[in-house]
Structures are given as structure tokens and as C-alpha cells.
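Same chain, two partners: chain A is paired with chain B first, then with chain C.
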Partner chain A sequence: MTTAAPNAGGAAAILERHRHGRQERLAAWLRSRTLANSWQWLAGLVIFIVMLGLQQVMDPGTQRLLTSVFLFVALAQGWNIIGGYTGYASFGQVVFFGLGAYTVAVLMNNYHVSFWASMPVAILVGVAFAVAIGIPLLRLRGHYFAIATLGAAEGSREVINNMTPVTGGGLGITIPTFGAQAPTAYFGKPGFYLAFLIVAAGAVLIAAVLSRSRFGYAMVAVHQDEDAAAGVGINTTRVKVVAFAVSAAIVACAGGLYAFQQIEFYPTDVFDANFTVLMVIMVVIGGSGSVLGPLVGAVGLELLAQFLRVNLGTYNQLIFGAIIVVVVVFFPQGVVNFFRDAWRTRQFSLLDNVRRYRL
Partner chain B sequence: MSQFLQAAAYGLVQGGLLALVAVGFSLVWGIMNVVNLSHGALAVTGAYLAWQLNVHFGIDPFLAIPVVAICMFGFGYVLQRGLINLVVNAPIFLTLLLTFGLGLVILNLLQLLYTADDRSIDTSYASQSFAISTVNIPYGRLGASLVAVAVTVLLALVMTRTRLGRAIGATGMDRGAARLMGIRARHVYAITFGISAALAGIAGTMIATVGSFNPTSTPSQLTLDAFVISVLGGLGNMYGALVGGLVLGVAESLGGLLLTGTWVNAIAMAVLIVTLVIRPTGLIGKAQYSGRVEV
Partner chain C sequence: MIARQAAAGPAILEVRNLSKRFGGLWALREVSFSVGEGQILGIIGPNGAGKSTLINLITGHLRPTSGEVLVDGKDITGARPWVIAHDRVARTFQIVKPFRGLTVRENVAIGAMNGSDPDSSVGDALATADRLLVLVGIEHLADAAPSQLSVADARRLELAKALACRPRLLLVDEVMAGLRHQEIDAAVELIHRLRDGGITIVVVEHVMKAIVSISDHVLVLHHGTVLAEGPPREVLADQRVVEAYLGHRYARRRSP
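Up next is the complex of A and B:
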């Protein structure tokens, strides 16, 4: 620490030594990089570039489908940070989605602020709300935290619903997108494909960097045993609140972009509890507490849901529910975690896996 | 003043109805540590059962209660024994997800069978009421809340006075120790869930008698109400749900009188959160249940 050598050349020298140390660490880190331990980053980059390239040859239907897949990748990664890594099952994460959406819509519609200026405000609003409700609510554990966040989401929807002069209330809100009234020109399908791709990639990147950082290990420690984590000197309250805020920032960002894409929406659309449920399902089915899990869960389930909607008509919800039940029973730890463990231990028996949590 | 009394009376009878929905939910949560998101779906299943009995055989909904309760008990027992027991030891998101998926399946089956139309059981007395000075009390709702009180008292007696009730309570307190005493936890859990489903079915029957129901919006509202009431009343005490239900019923009714729009819903959620933060044991719940680490 800097206090170890008081006045040894003054503050400038301390800063210099500090910066020098950082440069050395960076150089050592770069030397340690090999193909074996960097392939995940490279794979992510390749997928991102392929997705960019594919857009040129894609028909509008596929483009729309993938845009919604990207939205859910971002949401699932956001939920995973608080629900998966930190182990606090938030059942009201949609509140940040709704707040992000309404912040963008209110700023663009009522105050003619451009979309680019509205987005950072939306993220800030999400973070501020997460800190405000996180400090009291993150003291609760398990189901009690789940209900409290659910209550926060339902309550916030009602507040937005009743603030008619500002938000339009139950009549909905419309973002002007045409002519001189539009603060920012509408992106159109290709534009939103690109925007959601960037948000999803950003969410994956944040999750990947966080999970490998000191803070990431602190989150996992809080998940595994909060008292023990506090015992080894982790400020558990800070870890939980920061994880909640990061998660909220990602979800609020996705919500703001979603608002601009939808143009017109109602409180019940962007505060829909189904968004939260989908986030949870995607993370749990994919595999919580990993970067790959929510990615696989979001891509797989959104493609499946769209496929069922197109091909099965009235039965789609029924089949979707049945699939959730079957997957929860057979892969309680998530698909990605099951196959990773199965690969390591050579135990591919699904029946043994079912026994894991059976009474 | 009479308006105020009328709202309070309406809130009390409505609260009794809500309490009936929440009793079974709070039982399963307290004993098995499972938050059953399909509880509203089970209530609506009971409502359709009673509706079917009324339409085809002309059975009065109050007389249909035993039939509905027995059918729903069997359904609940099989569900727990065959499905929910498989993940009952898992982290909480899994039981939440499983019961959510289960609810989705049940509701979509109901919707395929009966369409999404609003239905209600028509009786001669549902729309009639009697007056105590200036306060009108509808017969149907009064009957429903009396059923709620009776069922709650009966359940409390079963839980404290019978061998089965004590076995359920013991399993809820410490499953390992209960198993060492020769209690079959799988069977006890299945019976608990069966009782909860039967109570949900009775609640559904009463809802169908005093109002209308459908398979799309009713179940989620009921599950949310059960959630709020269980937290408000507290777990581990059979009367918790009753107290929570009455408090919520009166608060919403009076709130509707004083506030405009849907502000009353926002207030209900604020009350929920404040209760959780300040007194997580609920109004009359036992501390053991809120101190439990549930991850």
C-alpha cells in the first residue's frame, strides 16, 4: 500500500511507482496469454464478427428473430450477475427494464432529448434505484428477497401507471420517430440488430471480465457462504449492492433500447413479470454462475419459444411449460454445468443427475 | 361514516376469501420451503371443477366443497410424490421454476378445455345481501369468509391435535430428525401438498361463487395475493394467513375508498416491502421460519 513508505519522494513518486507496478503486471499478464487460456475470448470475438457479417446476407425475419435473441442474452447475463454469481434470486429484475424504458421514453417524448443522451441517464436511473432498494432488501435472504424484489417491481409499475401527467399512465407512451419532432432518427431493423448485438456482446463481456476478477470471486464467496465470506474480510453488503447495480445497469440499458425499438408501449408491457421469469428460466436452464450458461439458455430458449409460437399455435405455451418442467427435473444444475461435469467425470447418466436433489 | 363502515365490512369478507387462498400456500411454504407458483392455477382448477359440477349436476357450490377438496387432494398428492419431490432439495430457483412451469401447463390445459372466457357459478343467493343498519353484507361473500375461517380453524386443530398434523409439523422443523423418528418424509410432503391443493380448490370454488374467474388473469393475481398475505401474516402459524388476509382485505378496501386510480396496489406493495424489512417474521409468524437460510 502507498502508506507503507510515507513521504518517500512525495505523492508524485508514489503515483509513479504505482503506475510502474501496474505496467509490469499488465506485461506479465500479456506474456502469460497463450492460445490455451485465451481461446474463449477469441471465440467470443469470432462469434461477434460472424454475427456482424451474417447481417449482410440475412432476410428480415431472421434478423428480427436474432434481435430478440440478443435482447434476452443481455437480460440473462444481467440476471446471472445477481442471481447466479451472487446467489440472490431477484424476481423483480424487470423493474430495471421498465425504468430504463420509461426513462428513455419520457426524456425523448417530453423533453426532446436525443436517444444517445437518454441512454446513459436510463442506466444511471437503474443503478440509482438498485442501490436505493438494494441496501435494505439485500439484507433479506432466499424467498424473502425474491418476494421483496417482486413487490418492488409490481409497486413500481403501479407508480408509473398512476403518474399519468409524466408517463402517460395506463394509456401508454409514444416516442416520436418521424420528421422534425424526432429527437433521434429511428434505427430501423438493421440498426436495431446492430444495437442489440452490441448490448448483448457488452453484457457478455462485462460478465466475463467480472467473473475472472477479484470482485467475481467475492460474489461467488457470498453465494457459497455469506458468513464465511464476511469472516475472510469481504464487505458482503458492498459486494451484493454493487452486483445488484451492475445487473440493473445491464437490464436498464436493454430496457432503454427496447423502448426505442417498440416506439409505443404500456406499463404492463415493460414491467411484465414474464420478462423476469424468462431471465430466471434462461439462466437456470442454461447453467447459473457461468458466462456460457445464460448465453446457451437465452439463445436456446428464445429460438425454441419462437419455433413453438410459429409451428404449434395454441399449444405453444403448454409445450413451453412442459419443457421447463422436464428440463428442471433432468438438468437441475443447468445444461452447461451438467455437460461440463459429465465430461470431466465421464458420468453421463441422467438418472443419477435426477437423484441429486430428490427427496 | 357509513361509507367507511361499508368499506370495512366489505374488506373483512373479501379478506376472508383471500385468506382461504393463502392458507394452503403458506402451509406448503412453511413446511416444505417451496414457494408454489402454481397455487393460483390449482385454485382455478378447483373453480372449474365446482363449475362443472354445478352446470352438469346442479350441485350447489357450498355442497360441492367436499368433492372438490377430495379430488384436489388426490391431484396434489400425486403432483408432489411424482414431480415436486424430485427437486425439493434443490436451490430455490428450481422449485420456483418447476412450479411456474407446472402452473403454465395446468392453465393452458384449462384454457384448451374451457377457453379463456370469464365464468362464474350462478346461485340464487350470490347477488342478495342483508343489511345491518346501513351496512350491506352479501350472503355469498359472508358464506365464503365463514368457510375460510372454519377451514383455517380445522386445519389448525389437525396440525396441533392429530398424529398426522404433528408429523407434518415435525418434518417441517427438522426433516432429518423426523425421518429418524420413523416419519416417511416423502409421504408427509405429499400429504401436505395434497392438503394445500384441497384448500386451493375450496378457495377456487368460493371465488367462482362470489365472482368470476378465467384461466389467464385470475391465477397470477391469486398467487401474488397469497404471496403478500403469507409474508404479512408470517409462516409457521395456521392463523397467520387468516390475519394477513383480513388485514390486506380491509387495507385494500379502505385504500380504494381514500385513493384514486390503482394507487392502492402500489401501497399494498409498499406495505409488503416494509413488513419484510422491519418484521420478516410477519404479524404473528414464528421467527424460526424467517431466520432460516434458504439458498
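Up next is the complex of A and C:
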């Protein structure tokens, strides 16, 4: 070795260490906090508070738009955990959205359960279904996993569609929201703005905490190389199933809230494959495998879509699609990842970037 | 080096009649051997002899067709790789497998977070990683991406990742292939130091020079079976080993 090496027995000494108690670790963590390593948390908190404050001066249209932005922030963060960090691109993630929505609707409509009691059940149903299909499906890799999850979502929609006595089937389902019939009073626009803001913030917070944890590193390791990950002691099956379940929990939570907001909906509404497609596009365009990527992707694309709808009329979908194509060509690794790498290496050339990531 | 087998402690790794069949091909057939605690066992053999298959069977990356693997007397045959890693068996891969998208330091820290007796926090694991990078001599590359590393440094990273799992038994798969002379010397010295630190080591290697200087005991695999076994110099003088490596004609010319 060229460097000054530790003496013989160095290996054993290096691996020796003292154990820290929980309190000791917390104290060490607090001591290690500086503005430089906490600004992201502070920025998140500031944005959350600004969003709360702005609600007071917002017109109803903007409020509605931002409510749907928050919905997609939560969905994109949810998808990113299994699709981005863990590297298992689920093309059926909408199944958890639909299950969450129907759990809330069925409980509130058929059994007069309050919204607050229905939501945890909806999340549990999403998690249970993720574990049930995740254990067999997460053995598949790449395209096979994508196709299998797509199949699971389509199949689940048909099951809900045919369970007419419980779900109302193709006739749809309605949540009683007014009068003595309502298990929980309707939130109204301001209430749902707040609720979706909290769900989105919760999703971002979960992603931020996970990504910095041992579990977060394990997800990245599984993504990069499962054999190597298993070789260093990572239970790859457990990591994949837990990541899928966390992702499902976030999506099911958003679905449950969406159901209450919509009041009345059909299986084709909440099992709409477009939701999955949007989750994937938002994460890929924003930058997968980071917390900021899905956030930027969801906010950017939802605002862009709205802008085009208002200003372009007939051709807005065409232009929206064209913009997505152009962004993917120039930023194959996602906008956030491009700017992070460009800032680090001081290379801002888009053409070089395209060449580097040419498939 | 003199044979240390007699002096070595009780068997930490014992392989009994291990076989692996891929379709109609026996990659490994009825292989048995044991490694004493604190020993360095060298496994050599021509391409396709079954060396990497053997390692994959021991670490659970492949399941044996028949036979047993015991670590410290405990039967681990067919267990999942992470279970075996928690039993303090670590390995490197012949084709290096860094976790891209993470720094060199984080790559090593993942081993420290998940191996046997893991660090309980990311911070502790990163500190362990820093110490290991010094040990293998790539601490100046801690913040680099694995893709920026030279062949020799990538191999050192593999070794550091395995060491971070706090192994008692380390399986090293061709860690010296493609290295220059100086780099091989450094790797040999490092492996000796690891053994002196209390780790039992199995080295699979192509490079003859390295095997002779490194091993207490050598096992020669050929067509999936054990061709010869013993102290390095004796084994390398064995007529059958010379034939297997260099062909019949060379062996005839050399022998009187």
C-alpha cells in the first residue's frame, strides 16, 4: 500500500466500535446540525407555511389547481420509492389509488364509518394488497415486473366493477356528504386544499427521512445490484416488499382523500391507468431516486398542463406530449439530476448531456 | 511459506461433497475440503474449473445440487445470501459490483449498515467506511463515484465493502486479475494483514505468483473436481496440475 497503513491487526481494530444509545445518538445528531446540512428541511418547512398562508389570499381557481398539484406531488413521491429508489418500475400503481378510494367510499357509504376511521383502513388495505402481490411479483425484473403490475391493476378494476352489491359496480358509488346521512361533513374547497397539502407534505417528509436512512441506502443498493446487495447482508426480498408497501400506503392515502373530494365516482375514474402514467412521467422528468425530482416533476407538469389547457384549447394535449418528449430527450436523467450534476461538474452543455446518456 | 494447516485452529469452513449441475453440465462435482481458522486457502484452476461457482455456492448466491456447506459447524447449505452474510461470511465478486450513484464511502458504508453486527446509524457506518478506506488505501477517493476508479482501486473498493460486513471468513474472487506487479504485491500484503487481524481467507486466483506467496494451503480445481491439494510448492510441482494448466505437451517436455 502506498499510504501509511495501520499496524497489524488493523482490520480488527477498525471494526471495533462503541455502541450508542438512542439518546446519545439523538444528541449527536442535534449537535451535528448546521445551516449547511439543515437548509433542505428548513426550506421544506418554509414552503409548507407559505402554502398555508397563501390560501387566505387565493382565488378558488388557483386553490383548485394547487389542490391537484398536491395530489400529484404525493402520487409521484409514492411511485418514486418503489420505481425510483428501488428500481422496480410499477405500471400498476394506480391500483392502490383505486383501492384506497373504494375502501373509503364503501366504508362511508355502506357502513356509515367516519372519514377519519376509513382513511387508516384504506391505507392498511393498500399495504396488505402490496404485500400480497409484491411477494410474488417482486421476483420479476424489468419489463416483466412492469407488465405484471399493469395486469394486477387492470384485473383489480374488473373485480371492483363486478362486485356490484358492495361497490355499486359500473354504476359508480356516492359518498353521502350532507345532512344527517353524512358520516363526516364535507370539507369544501378550503378543507381539501389543506388536506391534500398535508398529504403531499407527509409524502415528501417520508421520502426525505427514508432516503437518509439505512433503509434508503438499502433501496439504492437493491436498485443497483441485487446480488451485491444480498452479499453485504441486505435482505433484498424484505427491502423490495417494504418499499412497495410504503409506496402503496402513500398512494392509497391519496386515493382515499380523492374519493371523499370527488363524492361520486366510477371504477374507471380511480383505476384510470393515466394516473400511473402521470406518476411515472413526473418522476422520470423531475429525476428519479431523489426527493426533489418527483416534487419538481409533479409541480412543473401539473402547472404546465393547466397552463396549456387554459391557453391552447384544442391542441393542449398534443403540445403537452411534445414538450414531454423534448424534455426527456434533453434531460434523460431528469431535470433535477441534470442540474445537480451540471452544478457539480460545471458542465451546463445540454448537447453533451444528450450524448452522455444516449441509449 | 510453510504449511500452516497443522497449526491452524478448528475448521471454520467445511465443504462436504458439494455438487452443482447446470442442465447437463456438472460445474462442480463432489468437492470436499475444509479451512482452519486463521488460514489462507488458495483455490486455483483453469477457466471453467468451477472456482466462482464454488464461491457462489458457499455464499448462497447459487443453491447446490447436493452436498453441504458448514460454517463454524453450522449447516448453511442453501441459505439465502444475506443470512450467510449475517453469519460473518463476506465475499468479493470477480466482476466488481459497485453500487453506482453512491460515493465510494457510501458503498462501503452499506456493508457496515447491513452485514453482521451492523452499525446502528448511517453516521456510524460512514465513519467505519472511512477507516476501512484508509486500510485498503483509497481514502483519497472517498467522495469519488465508483465509475471513476481504476481497476486496482475498484478491486480495493470491493474488498473494503466485504470487510465492512465484519466477516470472520472472507472469500476473495480473483481480486488480483488484471493488476500490475506492484499492485499485486500490495494486495498480497493487505490480505496477509487481514489474516493477521483474525480473518480466515479463501482466495480464488488465476495469478500463480500471488497464490504461492499468499496461501498456506492450495486446492486445485479442474473440470469441477479437486485435482490436487496441499502446500503451495508441492501442489504446483504436481505433474497433473502442470498438465491441467499448461497442457500435456508442456508437461512431457518438462518432466524427465
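FYI, the second predicted complex is superposed on the first by the 337 of 359 C-alpha atoms of A that agree within 3 Å, B and C clash if a C-alpha of one lies under 4 Å from a C-alpha of the other, contacts with A are read in each partner's own complex, and residues count from 1 in each chain.
In this section, a contact is a pair of C-beta atoms (placed from the backbone, for glycine too) under 8 Å apart; a residue touches a chain by one contact, two chains touch by 3 or more.
All values derive from a computational prediction rather than experimental measurement.
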Quiz item: Where does A:142 make contact in the superposed view: on chain B (first), on chain C (second), on both, or on neither?
Solution: first
Quiz prompt | Which superposed partner A:198 touches (first chain B, second chain C, both, neither) | solution = neither
Practice problem: Could you tell me if A:317 is touching chain B, chain C, both of them or neither one (first, second, both, neither)? | Solution: first
Practice problem: Using the superposition on chain A described above, determine whether A:304 touches chain B (first), chain C (second), both, or neither. | Solution: neither
Quiz item: With the two structures laid over each other on chain A, which partner does A:329 touch: chain B (first), chain C (second), both, or neither?
Solution: first
Quiz item: Regarding the shared-chain residue A:150, is it in contact with chain B (first), chain C (second), both, or neither?
Solution: first
Quiz item: Of the two partner chains, chain B (first) and chain C (second), which one does A:288 touch, if any: first, second, both, or neither?
Solution: first
Exercise. Using the superposition on chain A described above, determine whether A:32 touches chain B (first), chain C (second), both, or neither.
Key: second
Quiz item: Overlap of the chain B and chain C footprints on chain A, residue-wise?
Solution: 223
Quiz prompt | Contacting residues of chain B [partner chain A, same complex] | solution = 29, 33, 35, 83, 85-90, 92-94, 96-98, 100-105, 108-109, 112, 185-186, 189, 220, 224, 227-228, 231, 261-263, 265-266, 268-270, 272-273, 276-277, 280, 290, 292-295
Quiz prompt | Of chain C, residues touching chain A in the complex | solution = 59-61, 80-82, 85-86, 90-91, 93, 97-102, 106, 109-111, 113-116, 118-125, 128, 131-132, 134-137, 139, 161-166, 186, 189-190, 193-194, 196-199
Quiz item: For the complex, which residues does chain A have touching chain B?
Solution: 83, 87, 89, 91, 136-137, 139-144, 146-148, 150-152, 154-155, 158-159, 161-162, 169, 223, 273, 277, 280-281, 284, 288, 314-315, 317-318, 320-325, 328-329, 332, 354, 356-359
Quiz item: Can you list the chain A residues touching chain C in their complex?
Solution: 1-3, 5-6, 8-15, 17, 19-20, 25, 28-29, 32, 212-214, 217-218, 220-221, 223-225, 227-237, 289
